[in-house]
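Each of the next two complexes has chain A plus one other chain: chain B in the first, chain C in the second.
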Partner chain A sequence: MPAKYHIHVRQVPPRFSPLAKSTIIDWAEGCLRCATCVKEQCPVDAYRKRGFDRSQFVDTIDEMCRDCYRCVQGCPRELIFKAANPQYRQMGDAYWTPEILATTWYQAETGKIPVSGAGYGGPFAGPGFDSFWTDMSEIVRPTRDGIHGREYISTSVDLGRKPMFLTFDSNGELTWPSPPLLELPLPIILAEPPFAASPGGMQDIIIQAAGNLETLAILSRNRLGPVPEETAARLMPSYTAGSLDLDDPLLSQLRTLEILDHPEVLEQIEAVKRRYPKLIVSLKVPADGKVVERVAELTAAGAEVIHIFASEQARGLGDSQDLHLKDLIRRCHLRLVEDRLRDTVTLLVSGGLALAEHVAKAIICGADAVIVDLPLLLALECRLCRSCAKGGKCPVEIETLTVKRGAQRVINLIGAWNNQLLEIMGAMGMREVRRLRGEVGRAMFIEDLEKEIFAPLFANREVETIKREPN
Partner chain B sequence: MANPKKVIALPTTPQGQPWEPVHTPARFRNPLSKYRVYRSESKCIKCGKCVELCPYGVFTKAGKYLRKPKSYLCLGFECQKKPFYCVANCPAQALRVHQHPVYNTLGDCRWNGDLLLSTWWQAEWGNLPYTDVEYRTGGSGGGFDRLRFLFPPRRGGAKIDHRDISLGVDLNRRGDGRPQIRVGVPWYGGGMSFGSVSINTIISRVQAAKNFNTLVSTGEGGYPEELYPYDDHMVTQVATGLFGVREDTLQRVRMIEFKYAQGAKPGLGGHLLGDKVTPAVARMRESVTGSALFSPFPFHSVYSVEDHKKHIDWMKEINPRALISVKVSTPTDVDMVAVGSYYAGAHVVQLDGSYGGTGAAPDIAKKNIAMPIEYAIPKVHQFLKAEGIREEVTLVASGGIRSAFDVAKAIALGADLVQIGTADLVALECLRCHNCESGRGCARGIATTDPELVDLMTISYGAARISNLYYAWSWQLKEILGLLGLRSIRELVGRTDLLIHLDYFDKAVDDDVRERA
Partner chain C sequence: MSMEVVIYACQQAVPDPEALRALWSAGEVRLRVLPEPCSSKVEVFQLLRTLGAPVDLVWVIGCEEQLCRFNEGSHRAGGRMAHTKKYLQEIGLEPARVGRSLVTPGDESALAAIVSEISGRLKSLGPSPLRRAPNAGAQAAAT
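Then we have the complex of A and B:
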């Protein structure tokens, strides 16, 4: 058994007060000056500890408040209120919700799994990754205790082409060299977000975090500066058709790279492989209407790794905009299964992977590993105001963040995510993330549950007119 | 100030007498509300007209002095149409009614502000609010919140009298010679251990259970001596950690509950927060200081139905008069698990969904692992029927039952009765801040063992509030049954034909049971 993979998380406090969901409003006018003010009785002493954050014009009481409402309910003149914080609601967008931002910050700060009391309070279900549930084991199937460490759950995945069989000559030697394979200890690859206040700093943070996590960093070759030899092994530079120069000295130091799909890409790969046979080449394919065909075609032609990328909101691209990434992954996976080629190729997916459960769920749908981009920026306290994309100022001054601090926050986030992957797998009784791939039988999709359970009970029912008139 | 108000109430009803609601106001000075009635002190001429006009008691006088308006009693914007609308009638234009800013911050999708406010109302008064605060459903957008009862038109005088409607449920349907337990209402209290909630909370719950002749589970955390007087109304839990499980506690009770899994953390054991993993703890458990820990899951002595039977046989041997309940979560093969539990000898099979729980549970587990309880109930009910054993199993649904309507819907989907937990806590003025597990625990003195915080609540208050809620629920269930022409809650089991699902139904449906003025 290999040594247990462990991510070293370490508390990194935020530099800016995170925006709170609700805010305390307390009026001074009409105050009776009670002998004992409710503010003195705050269970977390928030009124005593409150300060004013001059850089953001916010009262720091809101980040300490634990929503017990005792002051609101206790003040004899009803001078204290809690009100929804419009600044919080305005963060992010419909997909990257304020809740996603807040939980990402928490994980980047602490490296811990978000835990709360009082049951689940969210919506019944939602689109995309929120439309299915993962399975668990009880009584007749064992679960696995992964986090506690009593049982080993492997999160390792392999990148590269896997031959379906081996052939041997009369001496018992392999008749052809085995293709290169790269093992990652976790099914998560880090990638540069589409925008950042300080793109250079972001690259350094991602490279350092990838090194620490022993995974890869996908960065655009165009923007990449000089690369020290020791970091080259952690890089997966991203090339477009024209930007790949076979004489680039970097190529000899790399283990893997990525090329954006184009009509002559197979010839280009062949040229790369001829010169650098140990290089693993990943093909970046848009999740558009042709993605299933293209993935099948490239795999049949011998592709080693295929990276399917969707939109920032986990939607398909072009004519596939109405489809969610999860469905596109399922289709590609199933097609390769039908073609009896699924095990030969590694499928990576990206776009809209925002929460820890998205990793497990993308893998259940058929991906081997995922590529994470925007959450890495969120880990640095980004509020997704997108001001930097328009050349504006970053409200949380990401450009002044040190690489060490930023990298540790990214490590914390991925550490928490990996532990949550262990939880999902442990509950299912899975010992290897490799075996989670395509295991849709261990998931429950809402469309299936509706079809099997609710539709026979409630659909197309002949309801007599026994309805009471609404009054 | 947040001091608990003393309640003038009998702690419990003498055995055999039905509970009558006892007005038990909020422990905190300003009850939270949907609307806020504001009176400008500078404009008010203290004429007292508002006191005369408002039939809801929002305005009261103490001598010549006008008290602060009781906003939570206000009818709200609907009152604008009434001749006695205070704002329109105030000669000094000193009054305003607006939505309370706090309202938008209350609750979450499942327990939204309306459901919290209406549950607090029921716990205070024992009846339903007259305002437009929703009391039947929350805002989760699916499951129970999209199901509605389809009542036939009310015919004058045709309604069945409440006294002729039975809510009782027998728990032993195996006919194996073990004693019968008949609970008076189709619910009992789910396991919330000492530690996760205060002893005052537990005793409040069990006193209410006694008032309505039902049960409460201890949860996994031992059997405190304070509960010995209530042995006949206790269910004790045996869970993977075997915390506090002793032969004598098992022998005290009429029902023993095996917890194989719980809905809030399906497939996972207890969760020890990182803060509590000190270097000594970490050394003991061979883990890393500050990293969260999980207690064992599952029962490592149970990997088959045969092992499961061995467990049940063992319990039956220790306590020959006890019924056995098996609590499981909702995996894909939940129907097989239920059948297996029946063949292993269980009297009660309990399906636990992920919307409940006071203890710490990872957010990822609550949201993503195991299927919603609304699907699991009909799946198991139909499977047991097809197997020909439905009549011998008592099927309990739990983990997300918030209102009397949820109880009725769960039963109509196929359960015999339900288990509740969070609703009891909401009756005690829990506002679902989700911080039960952290630091000193619940700042409102419900789910905590911190001595100072525990003192925020008395048992007499707690027992009365929960009993009032149970009273209001019983009334609603009888009303639902009466409107459907049923005389017993037993007749509702599996009657999905009485329900519609809004996703599959395009006409307006209103299943409000209140008599509107």
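Then we have the complex of A and C:
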């Protein structure tokens, strides 16, 4: 049995106080000077330990407070309050919510799965990835417990073209060389975020983290500096339509690369494969209105890997903005199933993958693996203020972060995500992430439930009400 | 020498901090607007340490006292401001380096007047003396 894949997480404290969800308002004026002040009874001793963060101009008491409300309830003059912190609420945007940012920071710091421990208080269902649930019916089987179970759950995936059949000569040898295939131990590929305070530093962090995680780093070739040979194996440089030069010395060191889709892309791939037959070429296709047709066309033409990219908010691009990434993945997957070509090609997806559950859900919808970009920036304590994109100063000084520290935070985040994937698969009774692909039978979609379960229930209730009314 | 202004703004008085930032046009001077649940969230030690960061001017924007959502919050913030000014005077720093304005929530013209008042105040005061003596700034921040 091969060695169990394990991600080594290590605590990396934040350099800047993370903004707390709520804040303490302390009205000291009018204090009765009780013999034992409620502030002295704080279980985490926050009132004594509180300080002042000079870089963010915030009182550090909120960072320590555990919301037990002991001080709020105990003060006889009611001089202490808790209120929602407006600085926390203003972080991120409608999609990349403050909760997503805070949970990403926690995972990047600890490498642990975030657990609220107080039940789920959110809505029953929501848009996008929140519109379906994974089936946890096997959660009671202890041997298949995700992280600690005796049964090994594999998170390995393959990148490359898989032949539908093999032919052998009279000596039992393959009549044609098998296409190159790359195995990754986890279905997550790291990619450069669309913006960062220090793009060069960000690239170094991603390369180091990808090396440690044994996955790939997708980086723009234009911005990539000289690459050491040992690093090249972990790289998947991204080329725009006209930027690929076959004489680029980097190509001979690579195992895979990515080209943005364009009308002559198939001819370009042919030229690349003629010169570098062992290279796996991924095609980056926009998730627009033509994506399903284009994916089918490219697969039929022999594409090895296709990367479907959506918007930062997991929406389609161009005329598909109304569609969520999950629906676009499902359509592409089902079209390839219809064409009986699904197993030949590897589908990668990116855009708006913000939480660990999105990885499992994207795979359930039909992706083989996912590409993560913005969460890597969030792992470095980014507040998503987008000041760097406008040429402004980074409030958390990402440009001064060391590569080692940054890479460990990224490793921690992916370690926590991988553990959550193991937990989800363990609870679903799955032993291999390859088998999770397109496995919608292990998921419940709200639209199906509404149609099949709730609609008949509520329709019957309506009839009953009508029946009762005349009495 | 670039200067810095920090504004602690009650979220009721300044519901849109971006609008306040947009009013600011003093090129070289860095402005930071920090939304707070109430102006009474800002304590004396916070004002002093902000000055000791060092920052050249610290301003608190709150609601008119009778409009405060916390009833007494704005009134208490006024008391803290007076205390801070007195303390600054005692230690030999200009009390004018901290200031406070009260506005009716949503009154944009009042915000424009505050920005102009802050710019004028900063112009007359110039850079903080703590900038000229960095160690003194660190000591002041540690108090």
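Structure notes:
Here, the second predicted complex is superposed on the first by the 451 of 471 C-alpha atoms of A that agree within 3 Å, B and C clash if a C-alpha of one lies under 4 Å from a C-alpha of the other, contacts with A are read in each partner's own complex, and residues count from 1 in each chain.
The definition used in the following text is that a contact is a pair of C-beta atoms (placed from the backbone, for glycine too) under 8 Å apart; a residue touches a chain by one contact, two chains touch by 3 or more.
This structure is a prediction, so every number in the text was calculated from the model and none was measured.
When the shared chain is aligned, chain B comes close enough to touch A:Cys75, but chain C does not.
Within the superposed three-chain arrangement, the count of touched residues of chain A is higher for B, of the candidates chain B and chain C. In the superposed model, A:Pro86 lies in contact with chain C only, and not with chain B.
By the touch criterion defined above, A:Pro114 lies against chain B but remains apart from chain C after alignment on the C-alpha atoms of chain A.
In the superposed pair of complexes, A:Gln41 makes contact with chain B only, with no contact to chain C. In the superposition on chain A, A:Ile25 contacts both chain B and chain C. Of the two partner chains placed by the overlay, only chain B lies in contact with A:Glu357; chain C stays clear of it.
Of the residues of chain A, those at positions 25, 81, 83-84 touch chain B in one of the two structures and chain C in the other.
Within the complex formed with chain C, the residues of chain A that make contact are 23, 25-29, 52, 54, 57-59, 81, 83-87, 90. Across the complex, chain A is touched by residues 6, 8, 11, 17, 32, 34-38, 40-41, 43, 45-46, 49-50, 52-53, 55, 70, 72-73, 76, 79-80, 141 of chain C. If you check the complex, the residues on chain B that touch chain A are 1-2, 26, 28-32, 41, 68, 101-102, 104-105, 107-111, 140-143, 145-146, 150-154, 260-261, 264, 266-269, 271, 273-274, 285-288, 291-294, 296-298, 302-305, 308, 328-329, 331-333, 336-337, 340-341, 354-372, 375, 378-379, 399-400, 422, 430-440, 442-444, 447, 453, 496-497, 499-501, 503-505, 507-511, 516.
Those residues of chain A whose C-beta lies close enough to touch chain B in the complex are 6, 9, 21-22, 25, 30, 34, 36, 38, 41, 43-44, 66-70, 72-78, 81-84, 103, 110, 112-125, 130, 133-143, 145, 147-149, 355-357, 360-361, 419-420, 423-424, 426-429, 441-442, 444, 449-450, 452-455, 457-461, 463, 466-471.
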